[in-house]
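Labels run A, B, C and D following the written order; every chain starts at residue 1.
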Amino acid sequence: MSNTLLEIKNLTVSVEKAGRLTAIVKGVDIKVPQGKIVGLVGESGCGKSMTAKTINGILPTAAKITDGAVLWHGNPNTETDLARLSEQKLRKLCGSQIGMVFQEPMTSLNPMMRIGSQVSEALLIHKLVQNKKEARAKTIRLLDEVGIPEPELRYRSFPHELSGGMRQRVMIAMAVICEPKLLIADEPTTALDVTIEAQILKLIKKMCDAYSMSAIVITHNMGVVAQICDYVYVMYMGRIMERTTVKRLFERPLHPYTRGLLASIPRIGKNPEYLQTIPGNIPEIGKEIVGCEFCLRCSDDERACFFEKPMEREIEEGHFVRCHTA
Amino acid sequence: MDGALIIAKGIHKSYPIGRGKRHPAVKDVSLELYKGETLALVGESGCGKSTLARILMRLTEADSGEIYFDGDQISGLAGRDFRPYRRRMQMVFQDPASSLDPRMKVKDIIAEPLKTWHIFDNKAEILERVKELLDMVELKESALERYPHQFSGGQKQRIGIARAIALEPELLVCDESVSALDVSVQAQILNLLKKLKGELGLSCLFISHDLSVVNFIADRVCVMRGGMLCETAETEELYANPRHEYTKYLLSSIPVVPGMQGA
Amino acid sequence: MGMNDFWKLCIKNKSVTVPAIIIVSIMLLAVFAPMITQYDETRQDLLMRLVPPQSGHIFGTDELGRDVFTRILYGTRISLSIALFPTAIAVAVGTALGILSAYFGKWADFAIMRLADIMLSIPGMLLAMVVLYTFGGSLSSVYIALVLMEWGSVARVTRAAAEGILENDYVLAARAMGVRGYAIIFRHILPNLIPSIIVLFTVNIPSSILAESALSFLGIGIQPPKVSLGLMAGTSKQFLFQMPWLSLAPAGMIMLLSLSFNFLGDALRDVLDPKRRAV
Amino acid sequence: MMAGLVRRLSGVVLVLIGVMLLIFVMLRIIPGDPASVLLNEHVSPATIEKLTESMGLNKSLPEQFWDYLKGVLKGDFGESYYLHQSVNALMTEAFPYTIRLACMAAAFAWCFGIFSGIISVIRYERLLDYLFRGLSLLGISVPIFMVALFLQYLLYYRWSLVPLTYDGSIFSLILPAVVLGWDSAGSIARLTRSGLIEQMGEPYIDTAKAKGLIHAKAVWTHALRNAILPVITMMALQLSGMLSGAVITESIFGIPGLGRLALTAIQTRDMPLLQGTVLFSAFLIALGNMAADIINTLLDPRRRWG
């Protein structure tokens, strides 16, 4: 308990669609240990991004947290439930202690505002500096640290004058400037080319080590998980299907969905004639499913899978799976 | 590898970007695509691969250069003379949502090429062919009467493929056709493309930025950078020992997924 | 979204049905006016001049003893005909030119857009005056003035919407298939424009109603013996302080009409583009 | 930057010439001969002949247009038939009144409009939002003359706070300014609100909230500077619209501005005066368009650096 920075307990998020509340995230439990990078992996629509957005409260207006808690252990042995905070307090706490990097560098920066003022804005809001001059100096130092050439010049330039990779570096600087305890990266490299992706992933790792930050990385790319995460949670249809260390996940994936996912990724070097695929499609979000969400598409399913929701079981030490047959 | 289906020589294309300056999208590119092969055009965004593909299909006009289709020069032809060649090459697009007209039912979307070329003279035969095409892309017949927004990304891509093969083209151009899809759906579509290529004896020009996908689907690979072709090789040859510096750099940047194929 | 989905959404949406009901009931009132009031809109009864509202005359009578409520109903007919016909023509012309300039671009685009600029750089009221000067104050010249005033902005909005549609891959797919130009316009562009055309039509109606009523208020629009709500408000503004209802009642009907159409236009726009509601 | 300016300028000149041609032709394709219409029935043909001669109406249309074009370029809008004064003199005499009215109306419209648009989004879908939204909807739906008559009845007749019509003082212009600015305030409020709502859905607002900005601050510091650009274009058009004379407001409140001049021109069928007022306002609108374009280019960093 002591070294857990953030604990998400039985989190349920529902969206109001055509008058009906449909659950997108169904009872998710996540623990983020101090100084570790946790990966949240899953395909689109599995609720991974929604889960992350409940932490610093930037859920879209249509989504509501209907159950569970987001317990923040910023300073030792205190516990605040971020889901129950007022907007004022939530912004105060999250703005300074939780940094976030978004997916689309093209649109995540205000096109009408200079880079410098956007990055230093958080410092001024949370009064971590005495005056603008100090904020400017700190910003330029950080822009240099994240690898932006001629930071003084770039301080005054506008977002449209930078490339996608540069803008993502600015986003990282912006997220890290208040020296937060937790960094949330929502698909940080999905919109970038593979060469720049490698550099940004290295930069995120470096920043986490330099500022001893823990991080949550949301992605659908197993390669990204392998490269920078310590622990990984596999999500499907709003539930955690499997969670363990990254090493063990790739050595012995236990849940049929994880195995199917890994098998369907084309690799460099030898590939089979046809890729192994998971049959069928992701079911309609609104439909209520009695048994395990994956039972219709599961290769080694049993009777129980169709009628009884599997509970999370610890098959091996620190390796949890939500499946009857694993 | 019998004769070349597509030959392109010295293709140039640049776009004006204000104040007289022009951005060179494609610089002096020459390539051949042989019948029955899958040639991949791979490179990062902005390297000109999509522009080149659209030039070969004459959806965008090149500034200069010659294009030959199955031996005949098609680069200079006027609209009416070029139209017969339109039938022989078709395209599958990247964004499933924008590639299907939201206002048309699936049966009309797939039937549109058949009606445009008056392949069949009565409705029943058209409907029959549409059903056959739906079956080839593994979609149920219930899809006929529904609108595109009632389908998932993968299913929309299948409808796009059915439309593309309706006219039995010789060349299928896939412009980042799996990039917008999730991994599991991507695998299904890649398998479908490979199966159809074999069954229908298609040649395929596959545009992508994802080297792993290209490694699975392509026979030969052209690596593009800044509008130029920097390396062309057989797939195994390219991945085993890449010659060009940029190709090496590309390959080294891919976040490797550990563990052997299919645990 | 499909056409029938657009209608399904509209029916379910209260902020669409409420104004729609108001508009339909006003239309019914206007059409069945003879059954509703026993008076005739032109019959003068000099004995009953300027009578305050009472049982027989809900809004009293005007300076020539004519029943104000009846004249409002007949005036509403004119306003509704003004609201529907010239606006429909303006939207049709504007849409056609907007699509042509978006699809063909270059010269066609330049010519049509400069023509629209010319129309839009003359204030509506003055443009109408020029038309009324040439063809004299009458219903048909008001029609012409309204069409000239409105087609420009419709063309601009439609051109922008059509360009948005042209960027979609399904248009490129049609071209790759060898579908000819006119088929692309009628099969792909026009059907996808229908929702925005409906919104354009609904939104332009109130501006037509207000423009006509302003012209008639000044006495240069619709001439007696025809009955126009603006004309009624204009002629009886001299009795404003003793009998304000003589002017404010017809003006109130104009307000009710344009308010309902504006409200309907807003609601339809929200149905068409739900993104606008996400904050 | 310069190339852009020249291109815009030539566009404006082209539009203005187009307007002159359109108005010139439309005013002359009258069924029947203009002079006779002016002098009504019981005048001898000889007098009509003399008048046609003096007004140069007997020359061919292109010739007339050419003379007219030369005149306008020299700033001479011709002679008013009815008032027997030069159109220029009439307009320069009337313009100051219109300027004062227009500026007061614009000030009222813009302050109220932008303020209510912002408040609507800060208090999104709460009482204030519905209130301001209803008010702005009312703003664009109520006929201007109804606003005028109702406020006159209320403020003058019932509470006698303001004079009935214009008596030369600024105080008497307050009511006309509110009336003239009424629908402009409504459309500015609606555009500001819809623009802000659209911007609030953009990803950079999530970034701002993640940094610690509460909703209201995010609206004020981030969304507003993006949503203001189209509002500025509308404001420029509205101002030039008002400067070209508010026909209804000036006639109800007896303000001798350009609007009333245009009204007398149409009522007395005075072609040169009508033509002069219309061209003058077209010139103002073209100027307003260009000003809005330049301001937007300067404010928007993406366009300023080309």
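Everything that follows uses one rule, which is that contacts are C-beta pairs under 8 Å (C-beta built on N, C-alpha and C of every residue); 3 or more make two chains touch, one makes a residue touch a chain.
This is a predicted model, so every value here is computed, not measured.
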Practice item. Find the chain most remote from subunit C, comparing centres computed as mean CA coordinates. Key: A
Study note, to complete from the structure: One chain pair leads in contact pairs, namely C-D
Study note, to complete from the structure: dist(centroid_CA(subunit B), centroid_CA(subunit D)) in Å evaluates to 53
Study note, to complete from the structure: subunit B and subunit C have mean C-alpha positions lying a whole-number Å distance apart equal to 48
Exercise for review: Give the residues of subunit A that touch two or more other chains, as numbers and ranges in rising order.
Suggested key: none
**Study point:** subunit A - residues contacting subunit D, complex
**Key:** 56-58, 87-88, 91-92, 94-96, 98-100, 102, 104, 107-113, 121-122, 125-126, 158, 160-161, 171, 174-175
Check your understanding: Okay, in this complex, where on subunit A does subunit B touch?
Key -> 43-44, 193-195, 197-198, 201, 220-224, 226-227, 250-253, 259-278, 281-282
**Study point:** Complex contacts: residues of subunit C adjacent to subunit D
**Key:** 114-115, 117-118, 120-123, 125-127, 129-134, 206, 210, 213-214, 217-220, 230, 233-234, 237, 240-241, 244, 247-248, 251-252, 254-255, 258-259, 262-263, 266, 275-279
**Study point:** Sites on subunit D touched by subunit A in the complex
**Key:** 202-204, 206-215, 222, 225-226, 299-302, 305
Review point. Which part of subunit B faces subunit A closely enough to touch in the complex?
Key: 44-45, 152, 154-155, 182-188, 190-191, 194-195, 209-213, 215-217, 239, 249-259, 261-263
